[in-house]
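Paired with subunit B in one complex and with subunit C in the other, subunit A is shared by the two complexes that follow.
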Partner chain A sequence: MSDHREPEDFLPGKEPDLGMEVEEFELALEKQRVHGRTALWADVWYRLRHNKMAMVGMVIIILLVLVAIFAPLLAPQDPLYSPLYDQNATPQEKAESVKQPPSWKHWLGTDDLGRDILSRLIYGSRVSVEVGIVAVLISLVIGLFFGALAGYFGGWGDSVIMRSADIFFAFPTVLGAIAIMTVLGPGLINVFIAIGVLGWATIARIFRSSILSVKENEYVEAARAMGASNTRIIWKHIMPNAIQPIIVYATMGVGGAILAEAWLAFLGLGQQLPTPSWGNMLTQYLPFYTTDPWMMFIPGVAIVVSVLAFILLGDGLRDALDPRLKGSV
Partner chain B sequence: MLVFVLRRLYQTLIVVLGVVVLISFLLAIIPGDVARMRAPKGSSEEVLENIRKKFYLDKPFFTRLGIYLRNILKLDLGESFTYKRSVWSIIKESLPWSVKLALVAEVIIIIFGILAGVISAVSRYSFWDVLVTISTSVLVAMPIYWIGRLMQLFFAQWLGWFPNSGAPPPGTGFWGGLSYYIMPATALAAVSTAYVARLARSSMLEVMRQDYIQTARAKGLSNRRVTYKHALRNGLIPVVTYLGIDFGVLIGAAVLTEMIFNWPGVGHKLYFAVIQRDHTMVLGLVFVLVIIVVFINLLVDISYAFLDPRIRLGESPEVT
Partner chain C sequence: MANKGETLLEVKGLKTYFHTQEGVVKAVDGVSFSIARGEALAVVGESGCGKTVTALSVMNLIPDPPGRIEEGEIIFEGRNLLEMNDREIRQVRGNHIGMIFQDPMTSLNPVFTIGSQISEAVRVHLGLSRGDARQRAIELLRMVEIPQAERRYKMYPHEFSGGMRQRAMIAMALSCEPKLLIADEPSTALDVTIQAQIMELIGRLREEIGLAVMLITHDLGVVAGVAETVLVMYAGKVVEYADIDRVYYNSRHPYAWSLMRSVPRLDEKKDRLLTIGGSPPSLINLPPGCSFSPRCPFAEEVCRREEPPLREAEPGHLSACHFAADFEQHGQGVKA
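And now, the complex of A and B:
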């Protein structure tokens, strides 16, 4: 067969003989690709494992998730139990139960309603973990979808999506969240929605530019030449190479969402009492900052440590995924 | 240059229109019987009906959306339900306080952020560098209103250096007045200072790797001269861009700080509007603040195009 081929030769049913079955070739590529990917992630894991700060962050995150899952087993008391509303408690017991400093009975003391702070802290971790995971997932689903659409197909869809992203970008997070929460009303589900919806624009932007830089590569062209569908190209060929900055951003985003829950609670828009969350605990203890300053340190430190853990892990992941970026912001 | 300015103006116009549509949409979809939420308990049907008329709640959704759109485009932000005054008059009264606070915060960010960043870049991996890295990470992870309360606890309650909260009362002298600004401005500046320090550090390190720095060293220039004359000028370009864009955010996103320090700015009004569920006022204030942020971004970008030809030629159009 001559080297020269007419365009008609590429029509379906008239595939030219490439000397190798297409399936066979794709299989070989697949093998190489799978091998390449495992090697990449093994490499990433190796670098991550040797980053002390990232490992500290990871251990804290694992602990946080375990505490949230096993809260009912770990909490020494019912987080909602208040002696003030207990008909069996004597007036003296009631008076003494309030704002006790840490003791053997209450490791972290009691709050202004006599509730055990440690138990509330343990149950509160559930809200933080939920907000972190759900809000970031919402941003990811919306952001990746529109980012892929904009980056891969381009054209007017790209302009529409990116201009909409610009509009979302114009809102500082606090103002955007306030505007959305005012309309939706307070509550945890609405916190998920507000934080999740506000995060999509950044993810879409990062993913779009990441796709733009990947899609001109020869292996993508090769996949297209072999007749792979758009979905397949995006998922199998572009995604694994464009996802790295998203992983870093999402990790830090979980920390951001935990922080956002804290300030939404301060605005009275977060998890509603009596269910404890770190945000509403901190808000509740703030007024006692002159008389019992120790109280606000408990949820405050919990928030800082967990947000910091996600920042450290995110930093570590960025360095591990792309050592060239080490030390950049 | 003209093309760049026009393109940027066009983008801004789209964003502003988008914000207008978004805010009108949010105003129109507020669920529940708003009139009943706003009227005092036990009001007669007639009163409720009047409120519905006044806020167009008796109209169908799309008519309402249209009315809000038209009003916002006419810069009529409506009347606050709790204050019984127009949203504009409240903004006029409180915006100067927010701007002044943001200016002082910006000065704090410039001094401490750049200083910390440059020190840690120059003496990399030293004690100071580690200290800056750790403290910036912790600052970013702290809820800002907690930073404020901690400052009040240490510097006002225990040490008594600054007044606990509030704006300087009329008739206070310059230095006396400044003491009211220090704590809220520092709290407001905290997170941005941390970002600026990190940005300055990495940008300086990046510049120090460049060839022309090597050349300068090879010429036998002193370390100090190389750092401050050659590296600093280029190293600070991204920092200055960030500072400009951040200024809008400092004005717009000061809700928590202004609340903690009882500062009479827009954020303080916004907080109470949120607490009172005063939808018109919340969305009106958010609208104005977002527009301010957008225009400051526009100004920063255009002035950059004047200063740095690379931006105008589209080599690095996106500052993220």
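And now, the complex of A and C:
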């Protein structure tokens, strides 16, 4: 019998198979290695897989990303096509095309210009996914760089970086984003920048504190004693051990960025019409809330569901990455 | 002192201070010693007497701030390590001087396999290809007597026992064939049988690859089997420095003498172990005169007034005690 067991064998719900023969166990181990799952991530994936809410979130996110990528194939109609501006459309067709409730022809109905809402929603997901990913990447690049600098080297650089982060914290995000957008002007690229730049402070702060605890580990000292350079120590020895809270925060941050894009667009600062985004659809449909409230609900629900999905996944990741937090090892 | 071979490492008047808010901590205050090629030097003393700081100073790994090497020279193969720039010192670390740490449980990075950590070291320093580095790492694991080296190569630190991790650390420290191995309490965190195995391994490697060892420990039993020379430290200073036999059987310093007598022995029946009363002094606020005088059973008035210099009590036997020369006679009355 082998005295060596994988952590998975001790997880609740899995009976440790004490009768397992050595060869059998080796084989299982080998299988695991062949599939390229390293022990740590296999463990995380195992816990994540058994978290129903997180998996719901993950499925929604995967669908969202697929919809965004394959929007041209999925959309039943050109999102910009309006019968009102179609010279071939008869006056009667034009009159009947606007603000149609959901039907077989238009699953989610048509808007005030007779455009297909489902198509607009599908194309709008592209903006949300792009903003989510790009803005968070910008925050990550800036935040991780300065967080690492502050946490690893300390000293006056640390003070300068963290005080600058405090300044960013002092701004309400909405106000900060509006200010930046006012300077840069409206448009999608500027939304990336505004949301991305505002997000760095939290990431820097989380990463710094994570590094502060990781860098005290003896393996960091050991790496230094082996002659590793600072860059190497940060990248190879500290980063992988300090990145876990960042993974969680960044996942939730994508949801946050989608929401931020929505209200920037709502204020008319985001993606400009006629290109659809969930935020500007909301703005566009707002005036009809008394007569045709369902129009407004469609982009609203899409935003809520996708933000929720990222939060659920982030929450699940947090539990999966650090099972001790739940107190249920 | 053993001057068998050519000098490999020479430390002269090393002073490492830590500048804290409470004051200046003189962690290492004027320490000098040398290690010849292939020699094993043991640095012993209580916790907080500056052993580890001495070792870290040699590696130039003192966290700055708050630490600073104020004075001294650390000459390794004819070059002063303290005058090297960052790039040069990194070449020395790992390549020429290897170091292993007290706690093998935390000295390996948990997210990489044992193999990748060892081969990383080889690749960085020796510039080997991935495949060659792998071969070398497996050889090293075999050398430190880890069974089934190929399989262990792919394992993570959490899959290793404490003794195996320390072996892996030794393999990593030796990966680039350093001439000196600094072992900072390598067996403290291990249980006794594993301790013996690790010390035996270090002893065997010394003979096989002609490694010089600087062994830091507070376990005098560990020292006896491995080292030839002993450096006894107290409150940041060297108090006795001689061949191991002399320190063990003919100690010329009351601190070292008391330490030897506070080790339990199998061949003696004692009801109580001798202990050294009190605790080491605060390094910020050293007592006047000899730092050991408040705890010394033989202390006299001169001890509290004047600090004894480190000088030869007999040829090749340094001691920092006013009564080093006639320590036997002086201690006679008290011992009985």
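Note that in this section the second predicted complex is superposed on the first by the 289 of 329 C-alpha atoms of A that agree within 3 Å, B and C clash if a C-alpha of one lies under 4 Å from a C-alpha of the other, contacts with A are read in each partner's own complex, and residues count from 1 in each chain.
The rule is simple: contacts are C-beta pairs under 8 Å (C-beta built on N, C-alpha and C of every residue); 3 or more make two chains touch, one makes a residue touch a chain.
Values in this document were obtained by computation on a predicted structure and should not be read as measured data.
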{"item": "Superposition on subunit A - do subunit B and subunit C clash or fit", "value": "fit"}
{"item": "Partner chain(s) touched by A:282 [first = subunit B, second = subunit C, both, neither]", "value": "first"}
{"item": "Which partner, subunit B or subunit C, touches more subunit A residues", "value": "B"}
{"item": "Subunit B versus subunit C as contact partner of A:183, first or second or both or neither", "value": "first"}
{"item": "Touching partner for A:269 - first (subunit B), second (subunit C), both, neither", "value": "first"}
{"item": "Partner chain in contact with A:164 - subunit B first, subunit C second, else both or neither", "value": "first"}
{"item": "Minimal inter-chain CA distance - subunit C and subunit B, angstrom", "value": "16"}
{"item": "Shared subunit A surface residues [contacts with subunit B and with subunit C]", "value": "none"}
{"item": "Subunit A-touching residues of subunit B, taken from the complex the two chains share", "value": "11, 14-15, 18-19, 22-23, 26, 29-32, 137-138, 140-146, 149, 152-153, 157, 195, 198-199, 202, 205-206, 248-249, 252-253, 255-256, 259, 270-271, 274-275, 277, 279, 282-283, 286, 289-290, 293-294, 297, 320"}
{"item": "Contact footprint of subunit C on subunit A as seen in their complex", "value": "4, 7, 33, 38-40, 155, 217-219, 221-229, 232, 236-237, 240-241"}
{"item": "Residues of subunit C defined as touching subunit A within the complex", "value": "59, 61, 65, 90-95, 98-103, 106-113, 120-121, 124-125, 154, 156, 158-159, 169, 172-173"}
{"item": "Subunit A - residues contacting subunit B, complex", "value": "163-164, 166-167, 170-175, 178-183, 185, 205, 255, 259, 262-263, 266-269, 279, 282, 286, 289-290, 293, 296, 300, 303-305, 307-308, 311-312, 327-329"}
